[in-house]
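The structures considered in this document are given below.
Next come two complexes, and both contain chain A; in the first it sits with chain B, in the second with chain C.
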Partner chain A sequence: MFWQLVVSGLATGCIYALVALGLTLIYKATEHVNFAQGEMAMVGAFLGYTLYTDLHLPVSMAVAGAVVLSGVVGLVIQFVVIRPAADQPHFNVFIITMGLSIVLRSLAGLVWSHDEFPFPGLFPVRPVTFGPVVVTPLNLGTIAVAVGIMAGLFAFFRYTRHGVAMRAVCERPEAAQLMGVEVRRVFAAVWVLSAAVSGLAGALIAPVLNLSTHMGAVVIPAFAAAILGGWGSFPGAIAGGMALGVIENLAGGYLAGQIKNMVPFLVVLGVLVVRPQGFLGEKEIRKV
Partner chain B sequence: MGARDTDRTILSVDNVSVDFGGLRALNRCSFEVSKGEIYSIIGPNGAGKSTLFNVVSGIHRPAEGRVLFRGRRVDGLRPSRISRMGMARSFQNLELFSGMTALENVLAGGHRHLGYGFFRGLVFDPGVRREERRAREEARGLLAFLGVEGYANSPVDDLPYGVQKKVEIARALATGPGVLLLDEPAAGLNDRETGELMDTIHRIRDERGVTLLLVEHNMRFVMGLSDRVCVLSFGRILAEGGPERVRADPAVVEAYLGETAC
Partner chain C sequence: MRRAMGWLGVLAAGILGLAPLAGAETGVTDDTILVGTSQSFSGPLVFPGTEEVAGMEAYLEYVNANGGIHGRKIKWKWYDDGYKPQNAVANMKRLVEQDKVFAVLINQGTSPVLAVVPYLEQKKVPLFFPFQGSSRLHGKKYVFTSYTYYDTQTQIVTRWLLEKKGFERIGIIYQDDAYGKFFLGTLKKELEAKGLTVAAAESVKRGATDVSPQVAKMAAAGLDACLLALVPGPGAQVLKEAAKIGWKKTKLISSGPLTDEKFLILSGGVGEGVWGLSLWPDPVNSPLPAMKEYRDILKKYRPGHEPNRYNLYGYFYTKLFCDGLEAAGRNLTRDGLIAAMESMGRRENGIINPASFGPDDHQAQDDGFMVEVQGGRFVPISGWLAVRNGKLVETPLQR
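For the complex of A and B:
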C-alpha cells in the first residue's frame, strides 16, 4: 500500500513539477508570476484531445502535437498580452495573468464545453506487479516522460549557448544585452518553453483527472511545489513537485481522502514558517 | 591624430549631453577615437566617466548630441544591437553572470556568433553539437589568453577578484569586438596584477587589433598605456592629448592631478 501510494504520488508530483517548472522559467527570466499557468496546461490537453478525436492522430502524436501547439499558444500570449505590459509593475502583470486564466477557461468552455471528457492515456492503466508493489504503467510512463523532459531541459540549459544565454538573461538582463543577447526574444522563448512544458503536464494528467476546463486548478499545487522547493529554483521546483505529490497521496491514503486537497496549503504554510526560502532555495541576504 | 581623418576614426562622440533629472552628468562632450588606439578617460569621482561608457554602449540615451560607431549613428539603438556591431565592455562593478561557471560566462559572450536557432538548439543535432564544441574551445582559448583557463569550470562567484576581472574581459572579447570599453580595469588589483593587466591590454590591441577605451584612476597605468588621454570633470572635457601634454596642462593639474598626482 505504501509503495503504491508513493509511486502514484510521484506520478502526480511529476505533473506538479512540470507546471512548477513552467512557473519558475517565467519567473526567473522576467520576474513575472503567471497565474494562468494551469490554464495553459488545460488548453494544451484540450488541443491534444482535438488532435486525437478529430484528426485521429495516435495518442503519442497527439501528445507531441499538444506540446508544440501549447508552445505556439505561449508565444501568442507573450506577444499579445505580456509584452505590451512588460514595463508595468510586476503586480499589474500578475493581475493580467489572473484575467488571462479566466479568459482561457471561458474560451476553452466555448470551444470544447465545460463537460468532462475521458482522455486517452499514453500508457495503459492496467496494473502490473513488481514484487510486492502494484503500479500502473500510466504512472511509470508519466514519471519517465516527465523526468526525461526535465533532464532534456537541464541539458539544454547546460550544453547549448541558447540555454546559456537564457540563464545569462535570468541573472543579469542588462549585462546579457551588452553581450548581444536579444532579451525580448529570450522572454518570448521562455514563454514558449514554459507553455510547452505545461501543455505536456496537461496531456499527462488528463487521463487521470478526466479532461475538463477546471484542470487549471493544478496551478495551486504547482505554486505550493515551487515554494516548497524554494521559489525561483529549478531543482527546487522539481523536487518540490515530486515531494508534494507523494505527501499529498500519503496523507490522502492514511489519514482521510478529503485531506488531500488541503495538503498544498498546509505545506506552503509549514514551509513559510519553518524555512521561508524553501528547501533548495537560497536565503535572501540583503546587502546593506 | 587628425580629428578629420574619418577613415581612421572608429568611434566619435559628438556634442553629447546626458541628464539625470536636474543633474547634467555629461555636458556637450566631443572626442574621437582612432582604430587601434588606446584611449583613456580620467577624472575625479562623479565626473561622468561611467556615464560616458553607458551612453556609448547604449544603456543611456543622450539628451543631445550623437554617437557614431564605424560611421553609423548608434545613440538610441538597443545595447544588444550596438554589441552586435562590435562594441564590448566591462563594468566598474563586476557584472558577471553569477551562478554560472567562468567558461559559461565566456560562452554567453559568444552568443552572437551562434550559427543555429533556438529550436535547433532544443533538437541538439550533430551540427549543433559540433558548433557547441567549437564554441567551448574558443571560450577556453580566451580564458587562456587571459591566463585564467585553470578556472574554466569554477563558479565565478567563488573566484578571487582579480580572476573575476579577467573573466569579465574574456567574456567581452568573446563578442568579437572592434572596440572594447574597460571601466576601471585596474581597480582593486595589486601592483603585479596591474602590470600583467597592462601587458594584456597591449596584447589585446596588438594581437587582436582591438581599439581600447579605458576609464582608470591609476595614473601610472593610464600614463604608461595610453596613446591619448581625455580629462573629464563635472561632465565637461577639460583637456585631451598625449599623456605628457595632459599631465602638464594647468587646468588639469588644478582640477584633478593636483590632489592625486603620482
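For the complex of A and C:
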C-alpha cells in the first residue's frame, strides 16, 4: 500500500507543484500574491473542455489549446486589472486578485454552468501493474508532463535571453530597467507564463477531480506547497508540491479520520516554526 | 425579468382595485396566488438549486397556461441564499413581511432549511417540501417534508443487505460533515442492533483531491459491502479508484442522494454492477406515462434543461403542492390548505408511491428501491422497500 499511496500522491503533488509554480512566478517578478491562481487553472480547463466538445479537437490539441488560451486570459487579466493597480500596495493587489477569483468563478458559472463535467484524460486510465503498485498511465503521464514543464521552465530561465531578463526583473526591477530590460513587458510575460502553467495544471487535474467551477480550491494546497518548499523559490514550489501530495496520501492511508485532514497543514506549520524559509527558500537578511 | 413581471402583475392587480377582499388570505388575490422561496442560485448547491427551480417553474407555467387553479394564476418570487443560513433567514423575512407570500415552496439544504423553520412556524407560513432529508423537521404543523429521511434510507439499505443478501461485513465511505454523519450514525445503530459493528469507516472531506488512501484502506478491510454517503464528484472518484486497483470483491452501494445519473456520467463507465438506493424512477428512460408527461412539460417550458432527478423533484413536488391547492378549493387559506393536504388521502401520481398526509404525518415519501448499474443505467433489483413498525417491507414497483 505504501508505494501505491506514494505514486498517486506524487501525481496529485505535481498538480500542486504546477499551481505553486504559477504563484511563485508572479510573486518573484512582481511581489504580488495571486489568489486567483486556482480559478485561472479552472478557466483553463473549461477552455480546453470547450475546444474538445464544441470544436471536436483531439484531447492533446484541446489541452495545448487550453494552455495557449490560458496565457491569453493571463495577459488580459494583467492588462485590465493588475497593471492599473501595479503601483498600489501589495495588499491592495491581493484583494484585487481575491475579487478576481470570485469574478472568474461566477463568469465560468454563467458560461458553463456550475455543473460537474467529466473531462477527457490526456492519457488512458487503464491500470498498469508494476510489482505491488497499480498505476494508471494518467498518473504517470501527469507526473511526466509536469516534470517536463518544470525542466523546460528551468532551461528557459537559465539559458534564454528572455528567461534571464525575467530573472533579472525578479531580482531587482530598477536595476533591470536601467540595463534596458522592458520591465512592464516582462511583468506581462510573467502573467502569461504563470496563467499558461496553471491552465495546464487545470487540464491535468480535471480528469481526476471532474471539471467544475469549484476546482479553483486547488489554490489552497498550492499555497501550502509553496510555503512548505520556501516561498518564492522555484525548486521549492516543486518540491513542496510533491511533498504535500505524498504527505496527504500517507496521512490518509495510515492515520485515523479526523487527524489526516490536518496533517499536511500541521507539517506546513511545523516547517514554518523550525525552518521559516521552507525547505529550499533562502533566508532573507535585511541589513539596516 | 419574468419574476419582476410577475410582481408587477400583482401590483397592477392591486392598483386596478382587484386588491384582496377583506378577510382574504395573505398572498391570495382574486386571480393570483403568490408563492416564494429562497434557493441556491450560487454556492456549492447551485446545480441542484437551479435544476429544482427549473422543474418548479416548468410545472407552474404549465398550470398557468391551463387556466391556473380555481381561476387563480400562480406567481412566484425566488431569492438566492447561496446555501448560507443567515441569507436564507433574511430572504424568508423579505418574502413573508415585504412580498407577503402565501406559502414557501421547495427551499434547499439542511442548514438553511433548519435555520428558517422556527421563523416560518412563528409566522404560521406553511413551508412545502424543502429539499433535505434530516428527520428533525418531523412533527411540525406548518412544514410538509418530501423524501425519505436519510436515517430511514440507511435503515432500508442496511436491513436489505443483512436480511435479503445475508451480508455481514459492512463499511462506509462518508463525507466528513453533517450530511455524511447522518448515514454513518444510522449505520452504526442498525448494525449494533443486530450485534454487528461497522467493519470499516473512512471519511472524505469536501473538495478532496485524491481518494486513493480511503479506497486502499477499504479494499484491505475485506468487506461484503461498502456504502457511499458522498456527493456525485467524489462518489465517481471512488468508483474510478476502485476500478484502478481492481477492488471487486466488495459491493459498492450509493446512498439515496448519490444515486443520480451525474454520478454515472462522471465515473466514465466504470460503475457497472454498483448498487444504490433510488427514490425515483429513471428520469431519462422511465416508460411510465406520468414520467413521459414530466419530460414533455420540462421540454416545452424549460427546453434548456435535460431531465434529471433535481428538476424531477421540483416538478413532482410543485405538482403535489398544486394538488393540495386544488383540493383546498376556491376559498383558499393557509390553514385550509394544510387541512386539505392532510385529508387528501392516497392519490396515485404515477411516479412514486402515493403520498398521503395526516395531522401527525407530513412526510410525502418514506420508501425507496434498490437498483444496479447495468449498461450505464440504474435498473431496479427490488420492489419498493420501507421500514414500517420496525420491519422491512417490500411492495411491487409500478410498471
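As a convention for this text, the second predicted complex is superposed on the first by the 279 of 288 C-alpha atoms of A that agree within 3 Å, B and C clash if a C-alpha of one lies under 4 Å from a C-alpha of the other, contacts with A are read in each partner's own complex, and residues count from 1 in each chain.
Throughout what follows, a residue touches a chain if its C-beta (ideal position, glycine included) is under 8 Å from a C-beta of that chain, and two chains touch if they have at least 3 such contacts.
Quick caveat: nothing in here was measured; it's all calculated off a predicted structure.
With the C-alpha superposition on chain A as described, chain C and chain B fit side by side in the combined arrangement. In the superposed model, more residues of chain A are touched by C than by the other of chain B and chain C. By the touch criterion stated above, A:83 is placed in contact with neither chain B nor chain C.
Contacts of A:218 after superposition on the shared chain: chain C is touched, whereas chain B is not. Once the two complexes are overlaid on the shared chain, A:118 sits against chain C while remaining clear of chain B. Once both structures are fitted onto chain A, a short way to say it is that chain B and chain C open up an angle of 150° at chain A, using Cα centres and rounding to the nearest 10. In the superposed model, A:177 makes contact with chain B only, not with chain C. In the superposition on chain A, contact is made by A:208 with chain C only, not with chain B. When the two structures are aligned on their common chain, the gap between the nearest CA atoms of chain B and chain C comes to 31 Å.
On chain A, the surface touched by chain B in one complex and the surface touched by chain C in the other have no residue in common.
Those residues of chain A whose C-beta lies close enough to touch chain C in the complex are 1, 4-5, 8-9, 11-12, 15, 106, 109, 113-118, 125, 127, 134, 136, 205, 208-210, 212, 214, 217-218, 221, 245, 248-253, 257-258, 260-261.
The touching residues of chain A, when paired with chain B in their complex, are 155-156, 159-165, 167-168, 171-172, 174-183, 189. The touching residues of chain C, counted against chain A in their complex, run 42, 44, 46-47, 50, 176, 201-203, 205, 207, 209-210, 212-214, 216-217, 220, 232-233, 236-237, 240, 243-246, 262, 265-266, 268.
The residues of chain B lying in touch with chain A in their complex are 57-59, 78-80, 83-84, 88-89, 91, 95-100, 104-105, 107-112, 114, 118, 121-122, 124, 128, 132, 135, 171, 174-175.
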